[in-house]
Amino acid sequence: MSKRMELYSGNELVAEAAIAAGCRFFGGYPITPSSEIAERMSKFLPQVGGRFIQMEDEIASMGAIIGASLAGEKSMTATSGPGFSLKQENLGFAMIAEVPCVIVNVMRGGPSTGLPTAPSQSDVMQARWGTHGDHPVIALAPSYMREIFDETVRAFNLAEKYRMPVILLLDEVIAHLHEGVALPESDEIEIVNRKKPTVSREEYEPYADTKDHVPPMANFFEGYRYHVTGLSHNPKGLPSTDFEVVHAIQVRRQKKITEHLDDILKWEERSMEDAEIAIIAYGSIGRSATDAVEHLRAEGVKIGLFRPLTLWPFPEKRVAEIARQVKRIFVPEMNLGQLVLEVERMAKGDAEVIGINQVGGVMIRPREIVSRVKEVA
Amino acid sequence: MSKRMELYSGNELVAEAAIAAGCRFFGGYPITPSSEIAERMSKFLPQVGGRFIQMEDEIASMGAIIGASLAGEKSMTATSGPGFSLKQENLGFAMIAEVPCVIVNVMRGGPSTGLPTAPSQSDVMQARWGTHGDHPVIALAPSYMREIFDETVRAFNLAEKYRMPVILLLDEVIAHLHEGVALPESDEIEIVNRKKPTVSREEYEPYADTKDHVPPMANFFEGYRYHVTGLSHNPKGLPSTDFEVVHAIQVRRQKKITEHLDDILKWEERSMEDAEIAIIAYGSIGRSATDAVEHLRAEGVKIGLFRPLTLWPFPEKRVAEIARQVKRIFVPEMNLGQLVLEVERMAKGDAEVIGINQVGGVMIRPREIVSRVKEVA
Amino acid sequence: MSNRVELRFSGVGGQGAILAGAILAEAAVYFDGKYALQSPTYTAQVRGGATKVDVIISSDPIIFPQTSEINFYLAFAQRAYDRFYGGNNPGNRFFRDMTEDAIVLVDSDLVTNFNDPPHRVIKLPILQLALKELGRTVFSNVLALGIVTGITKVVSDEAIVNAVKRRAPRGTEEMNLKALNIGFNFAKKYMEQKSIDPVTV
Amino acid sequence: MSNRVELRFSGVGGQGAILAGAILAEAAVYFDGKYALQSPTYTAQVRGGATKVDVIISSDPIIFPQTSEINFYLAFAQRAYDRFYGGNNPGNRFFRDMTEDAIVLVDSDLVTNFNDPPHRVIKLPILQLALKELGRTVFSNVLALGIVTGITKVVSDEAIVNAVKRRAPRGTEEMNLKALNIGFNFAKKYMEQKSIDPVTV
Amino acid sequence: MTFNYDEYVRTETIPHMWCPGCGIGIVMKSIIRAFTALKWDKNDIAFVSGIGCTSRMPGYMDMNTLHTTHGRALAFATGIKLAHPEKHVVVVGGDGDATAIGGNHLIHAARRNIDITLIINDNAIYGMTGGQYSPTTPPHMIASTAPYGMVEPNFDIAKLVMGAGATYVARETISKGIMLEKYIKTGLAHKGFSVIVAESTCPIQFGRRNRLADPVELMHWLKNRGVPKTKAAGMAPEELQDRFVTGELFRDDSRPEFTEVYQQVIDAAMKKENK
Amino acid sequence: MTFNYDEYVRTETIPHMWCPGCGIGIVMKSIIRAFTALKWDKNDIAFVSGIGCTSRMPGYMDMNTLHTTHGRALAFATGIKLAHPEKHVVVVGGDGDATAIGGNHLIHAARRNIDITLIINDNAIYGMTGGQYSPTTPPHMIASTAPYGMVEPNFDIAKLVMGAGATYVARETISKGIMLEKYIKTGLAHKGFSVIVAESTCPIQFGRRNRLADPVELMHWLKNRGVPKTKAAGMAPEELQDRFVTGELFRDDSRPEFTEVYQQVIDAAMKKENK
Amino acid sequence: MVTAEVAAKPKVKKEPPVVDVIFENCKGCNICVDVCPTNVLVLIKVPNKWEGYIAEVKYPEKCTRCMLCEIECPDFAIKVY
Amino acid sequence: MVTAEVAAKPKVKKEPPVVDVIFENCKGCNICVDVCPTNVLVLIKVPNKWEGYIAEVKYPEKCTRCMLCEIECPDFAIKVY
């Protein structure tokens, strides 16, 4: 790290990174532990000519950012569990209408109002399945401050590149932590913008299949005058109930993900080369797990870490490989067992999969992982 | 079937069964293809002294039925995908506050507005994971008319017995089908009512652990004057952020399910005894699959059917057994692959798991399943 | 024809095609003690446009609940025919539904355009017939029911008579039964002819 | 003490405990070039009640970001002590956080009740000291910072001086540095004594 | 001389899906005439709706059209308007869309006085989903969820949005297409949140259940329920029961428009930042 | 003589969580005095709230208490009331809870005229979440999401609920606890939907940011913004800008109450069925 | 929709009014018939056209070009030149 | 909360007023001090009590039993007998 460190909280970093990534619209509704993102955006957006609005609820916030994105602005909202639940319907709209936007969920203890000020990781499956209907999803989960910055920027880039909403999952621990971090210079930040149509209005098909399965996106008011609807539609965007058309467009939307896994998936591995045991962990618990691995390695345990930064799509292939390599996989999570289900699915019985789960608002500590690993070994 | 058959649509049967099960409150918001349930309830509830209200939206409907249930009425709401998404936040409230109620989701094509008049099964994972936070879930999926009646009654019974919301998943096909069905006499219908406290108000703990992990439930206005909150709470119902208390109560809520699997799980099997191939299917596709199995058996294929009526909790143990018995499992679904993920997880590589998926609003027909099975064999 | 019979009636709003489907299913269930189902289009699905109802009747419990091999297809209107016969439209959701040898009955005044003509089609000016014989076109759906059941025998004559009576608004029983009889007679004549040519009448 | 040092400051609203934590972390990051983090309670979490801030300072990147072995604990108020020391309350979310040999510094006027007394506790009437020496209690948090850094040496003297200067409202620099120095001096005396008895002062 | 609607219509999508005699088409045409009168460039218009029969209108309009989720059109529209304050943002919705599920966004758009025009096609029923009652179904009328007649009191939408802060409010029945056009035009030109309630008809879902299946009969029934503002002024409250007042009901040009006020914030913040 | 609050309080939960000088406690006490005056049996009261500082009130009340989700209290309350029309259903909420996220349920409860009393503790800020602006934050005041001062116009809650159909509406500042009690009592006794707006204080989240951190100072500031109805009648609109009118603002006893009307439906339907 | 022929028609103002019903668009709702002050239009039966009716310009000569029929037709089905 | 002793106090009406501040409940907000028309109450510093202040009944004899302090105290912390 060449640049001098500065102290930021995770929430502050999300705002910093969003603006650096080109975000110029924020629509939100306050909720602990995400509110500082909105607060910071309300202050800094006008300074760069952007706009902040506190909507009447989360449903409206989600609607507003979709509207702003259609009008050409990179947009974001931030919330926590209860608000994330409310956003689900409009999140599905962004998915079917293929509107880029970023949704931050700073996870707290659930269900319902739960533990508003305590951390959790219990919305991970909701991020995948929260809205009705089949839909593609990208969800990212950073662990460290610099990652929060980078993954926020990446969230915007992926949203623009694949024309879809991207979910950024933090938890209360890293959101409220103030930590020293060295940020990149603005010219070091890669920024992706949505692909624009090059054809005439008459030829433009906002939902046609293309080589990369991502049709170019015209903004409103640019002369393309196309139709955007949450109904199943044809390549022109007009409603269709035609079986083949609808099926094909659904499949294309999935392909935006499945055919770009290399670009979307991101993870960190540590000491996996000769590992006989693996830990799979993410978010703040990814840090506990890292500590635990270092500790156990120091004691001679052949253990390695797989820390996905992209949770959805799930890194299926790599996890299946790991399961073939190791004899046991531990999955510590601040929930009653969510991502572990995906690990189990990919392990296909090749490795024993053991969840380490804790709810109640307290982080899983390295020593708890260490002792669980030793207990089983 | 001794009783004379009558023609009913699936939606009509849900209403009939609800009233037979003792439902006296319906709060809803119309949405295709579920609206006939509300319509019928609006007509028949007043005739039995019950109450129907069309709320301003689905969020309010969900709130109203929880309120009515706390006040002592068995209550229900019915919706489809978009409305189900909106209900998620309050559904989580019913889960944490342990309020019995029944939510019907007549599934249509998604995501978003999608195909409002066409069938799908694409909210199956949402039924499990739609609301934020860890939460127990029961979801039932009947295939036949009589099952719609029986499973609706069972939904109320399970809700009362385990003090939790129960989700009934239909799809547009069976919801709108009018079919001859013989219904049970009213004295043949088993009805379960919530367990009431026997202790004094001072001793009453609405959220204490009990042998069956289901604390008795006092209704409002019965003198118990307890507190109901969506915050994590202690056994008395008062807010608590105490780690042990919160963790314990979360675990107890899960146990309501995990320790009563025998009571909650229900499925039908056909020709599984000597099967070398299995089909796992549910809802209206359960009928396609049954037809396909009969067809293939007639051709000498050693194939069997596993048709879960309880989707959540997932019949993990039995599916794992089946995977060990057969060499291949087909999972046809009107979605892009949802319950098949659970089958994959439980198969642990013991059997090959193959999804047969179709979206676009058209049912998967027996012949499509047959040809897919033959293709792979 | 196998034990299971699949029928589809289609028309435009007000022609009573859907009601005819309901009556047929009721005849089977209430008066013949058979298994039957009917699935109609509903308002949210069609808006002032073509409607249809599928009816399945069987002596065994019905497993697969949708039509996939329609044995009899009735169309009261060109728009309905185009949408629900659909043999020529691969994007149509109801494609692949007709058997090769399905009997197709159309109102010959209203359905005139057959892009991909079915093998066995009966063309009859049903509405005009009802108007001529009964003075009102509203009875054309029951008249058609007479033809359908007369040809297919999917329900007993008695059952359809009872089912029609059960549904007939007070004071219209007689006219409805008359309509049914005209249908029966036509069916009889048709079956006696035994020739099932594309253009029968 | 290992490379990684964990500290917790606690108090009730207005006593400046949280600000002290921020200053300490800033000293480490901005002036010593160390890795540091601080995580404070925030309004939505506490309501007119006790607050705390945890600070972790290390010369290596910090992996696990929460305190789990607090080396130094400062309490400005009994309610804060009860909640965040918490050794006697198994339900407390912050249970299990203190090391056996943690140094505990309390305002001896305000924290008087030790249910489960820690091994090494320094009792000092910090607020009164600030009032006496500096005329106002607002400087007590900086005074305490002087003690904390003087004893733990978790940041350099220079760093904490700069960090305090950086945060001091205009016109209060001098008084703040004076407060810091009082703390330094106390720490020096204390360290010279070398005895770290439960009751040191 | 005949009016050319084609300029603002996706002509390939006509005939539209609405039932014979449905009032929505009349409202759509009034809106188009208002656009024409104002000479608005179709590239500069965002035309937004929720879900319902009325909300299918954007699909037929040749502009930047957005058919959102049920009840949420104003929320999406707020995002568009804020991102492009210099463009025109127009919203249409049914009574259910705008005042039942969408009620919250309605009152908040009114409160903010954001420069969006909302045209409500109030047919007093949920047309699309099969005739369930809506917050504007008149007392005692039959609906598929009001088999015993409507028991809930209904909204006076005009009063509601005035109470919430809308700065232009008008109402007219579809039997007066010319007046409707005039009010819509005024509303579009008005800087601030404007609401035009088009009292409309659904012969299929509302009419059939209430012996008003004939579009013409239904339209007469509707027309007779309207009372022009001037006439209403002299009527007793009892006489106005079950009727609604038509005309330009409210106008306030003094309240600042939201995006303009926000622009001042930007200007100030940017100046400060660049200093 | 001192007043005994204990009858309606879960005494073991006091002292409550609210910050020093927070106005919520004053409102809670006024409610309790109103219950006492009406001699309501605590077993017969359902006391319902959403989420927020204000919404923590039910936890302290010794009755059937329900702390729902943010903004949804009235929806839950509607279910309770409909299930037990003979019982008392009372809702409390903050300004955000009742008028931001809960705005739709507010206007629909008002439209239905369901016999529920809603008491809004309007501290003009989101207290619980850290001082973000609310739909009632006065112009130019600073909030954590309004660092440049509040730019959105605010609701006049009384006007809003009157426009929606509420049949009893009153407003008073917490500096007049006795009047507050009186209006709450009248609202509770009223058959129909009643709204009492308690203009209140949040010294921590609203006060601190606006140089009004001192509870007493803040209360004086608030008190001075209120204008009694009688006085307001003689004032020019400009004089009333940024102020609010207090007193009993609206009352209509003629409109039927919803659960009573619904009971008629039941009676008719059951009679018909049993014939 | 305005067909090519129709659009090509001369738009000189003083010509006698021409009323045109567009067959494909008309759904036979009868509104134009009802609103026409001079009873220019009638509804006629046409099989297989929506509900089976369509508007017909029976007495074109009576037309005053008041435009009411055009404005009140919900279906873009009537044009008055 | 009303302690046992307090509750036991005789509630005879004509006795001179007694003003009681409940130590555990008072958060020292100063409202009672402000509203008291006869300045019966003052705020005093107490370490470790919320923000460090508490109300004290300094001039009980001046009390007119107007009840304002009791009504306006947000914390159930004052009782006037």
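Labels for the chains are A, B, C, D, E, F, G and H, by order of writing; each one numbers its residues from 1.
Keep in mind that, in the parts below, a residue touches a chain if its C-beta (ideal position, glycine included) is under 8 Å from a C-beta of that chain, and two chains touch if they have at least 3 such contacts.
Keep in mind that this is a model prediction, so the values were computed, not measured.
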Chain pair, E-G or A-E, that carries the greater number of C-beta contacts: A-E
Centroid comparison with chain F (C-alpha atoms), farthest chain: C
Centroid distance [mean C-alpha coordinates] between chain H and chain A, Å: 54
Whole-Å separation of chain centres (CA-atom averages), chain B against chain C: 37
Chain centre separation in whole Å, for chain F relative to chain E (CA means): 31
Rounded Å distance, chain A centre to chain F centre (Cα mean): 39
Residue numbers of chain B (touch at least two other chains): 32, 35, 46, 56-57, 59, 82, 89, 93, 112-113, 116-118, 229-231, 241-245, 360-362
Set of chain C residues in contact with two or more other chains: 42, 44, 48, 93
Residues of chain H whose C-beta touches two or more other chains: 27, 50-51
Residues of chain A touching chain D in the complex: 5-7, 32-33, 35, 116-118, 173-174, 176-180, 284, 287-288, 290-291, 294, 361-363, 365-367
For the chain A and chain E complex, residues of the former touching the latter: 24-25, 27, 46-51, 53, 55-57, 59-73, 75, 89-90, 93, 220-231, 238-239
Touching residues on chain E, where the partner in the complex is chain G: 1-6, 9, 11, 14-16, 18-26, 29-30, 174-175, 177-178, 203, 214-216, 219
List of chain B residues in touch with chain A within their complex: 59, 81-82, 84-86, 88-89, 92-93, 95-97, 107, 109-118, 120, 122-123, 125-126, 128-135, 229-232, 241-247, 250-251, 254, 335-336, 338, 341, 344-345, 347-350, 358-362
Touching residues (chain side chain D, partner chain F) in the complex: 42-44, 47-49
